[in-house]
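What follows is a single structure, written as structure tokens, with notes after it.
By written order: A, B, C and D. Residues from 1 in each chain.
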Amino acid sequence: MAPHQTRLRARYAETDQMGVVHHAVYLVWLEAARVEYCRAAGFDYGAMEREDGIGIAVVETHCRYVYPTRFDDEVVIETRLEAASPRLVRFAYQLRRAADDRLLATAETKHIFCNRDMRPVRLPPKYWSLFGIPRGAGLPTP
Amino acid sequence: MAPHQTRLRARYAETDQMGVVHHAVYLVWLEAARVEYCRAAGFDYGAMEREDGIGIAVVETHCRYVYPTRFDDEVVIETRLEAASPRLVRFAYQLRRAADDRLLATAETKHIFCNRDMRPVRLPPKYWSLFGIPRGAGLPTP
Amino acid sequence: MAPHQTRLRARYAETDQMGVVHHAVYLVWLEAARVEYCRAAGFDYGAMEREDGIGIAVVETHCRYVYPTRFDDEVVIETRLEAASPRLVRFAYQLRRAADDRLLATAETKHIFCNRDMRPVRLPPKYWSLFGIPRGAGLPTP
Amino acid sequence: MAPHQTRLRARYAETDQMGVVHHAVYLVWLEAARVEYCRAAGFDYGAMEREDGIGIAVVETHCRYVYPTRFDDEVVIETRLEAASPRLVRFAYQLRRAADDRLLATAETKHIFCNRDMRPVRLPPKYWSLFGIPRGAGLPTP
């Protein structure tokens, strides 16, 4: 799927006493952007968790904070699927201020599929196409 | 049980751009204080949820903010069980700044016991004494 | 101003292990709804804080949780200005699930105007009309 | 300074519906650990911000999530100053479950010193020794 754009506004509760959005909040925003990415890709994250007992656990986050985000700034998050296999997914993000397209942050996150006990599992094939995983992926080569 | 005191420190992430702890954070602190209250009463909240499938859902919160809490302030939360029945529990709280005993906030919370589907249930009798609920509570009077 | 409606979606980070939105999050949502209320009333909250050094401090919150909100639920918050004077403002809220209009929670919040040192101040008259405060409010009666 | 250990307990509000602590919370914990590190090093973070108008802005975070943290787990965070100059500081962290020393996560954060307008500044020399910065650091070599 092409990169997907999500918009949100910085909430007052998300600022800290430095007068800018707290750096931990960006991870919450990235997650909101992933959920919207999945929705746009025709993929209901909540349903997969509920019906198939499969969640997507974050195993790595990396974020570079380029310019401070202020209260009430409108932020555009561009989300791109970087890589996907039946075991792993990686996303990359750019956060920009809507008003002037100023780059606020860049980030990457890495995820594994897991069951209700948080153990790694293979993504069922019915979901593969949504992540652009080719049929036969992850099979032992003959 | 007698009122119980919990101590914590205001985190930087808990402040907002007004330079004080954000008001929503107080509810998180009250919850941390309830957990410590329960632990002191010999009651393992996590185990009840895990083993008996019984949670304590918040149905009402009421908080009055008296004086601002600042980053790194040490806060003492006094938690008092106000009322308890097999269906309902009410707690009351006073938050004070440790340095000078200054009153920061007062609050009350009301809770019901619920199962994994978030439906109201009666607390199993084995837990009653921990909440000071007398045997026979909630029975129809003859 | 007439009641104002804000829409938002429950974020994954806002849920807790009971599988529902954590009760402290509702206060964050109420605040987001107040900001949108103010914007719709022609009032820029951030600018007042920045230019006039006047903030709106929360002095009381009261929330009743009627039905659990789940991840990804779309929520409609109806915000109503209950009362306003040059010193105090009160808002009331109803939170409903967008899908079926189910009532999720009701709440009220009380606020005072304060300066950068968090001391109570009177709202400058230029802002009165935005809060529906009549000219002459708060003056000693002859 | 030698590595410093901070202890905290996972709060209920910090869990998500997967039944584990949400990944964004780890960044809040790292910050709490840095504050304790600074306190142990004889350095009052709040005072520097208040008196000298100098803050420490996060410019990069990187976190690997190794094993899920559960509600009420006691967590030990070991914080180590990795590098420091008058412009930049880097910290590294290991998070372990207190009960059995199980590794939960590793992380690094990078920071710059900044003024109240969030512009980069050099750390005043009086603070250098606290960060182990040698006298003469950052000077042009002859």
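Methods note: a contact is a pair of C-beta atoms (placed from the backbone, for glycine too) under 8 Å apart; a residue touches a chain by one contact, two chains touch by 3 or more.
Worth saying up front: this structure is predicted, and the values here are computed from it rather than measured.
Chain centres computed from CA atoms place B at the largest separation from chain A.
Chain centres here are Cα averages; for chain B and chain C they lie 25 Å apart. Chain A and chain B have centres, each the mean of its CA atoms, that are 34 Å apart. For the pair chain A and chain C, the distance between mean C-alpha positions equals 30 Å.
Listed for chain A are residues 12-13, 17-20, 24, 27-28, 31, 71, each touching two or more other chains. Contact topology of the protein chains: fully connected, every pair of chains touching.
The touching residues of chain D, when paired with chain B in their complex, are 9, 11-13, 27-28, 31-32, 35, 45-46, 70-72. Interface residues of chain A facing chain D in the complex, by the touch rule stated above, are 17-20, 23-25, 27-28, 31, 49, 55, 57-65, 68, 118.
The touching residues of chain D, when paired with chain C in their complex, are 12-13, 15-20, 22, 24, 71.
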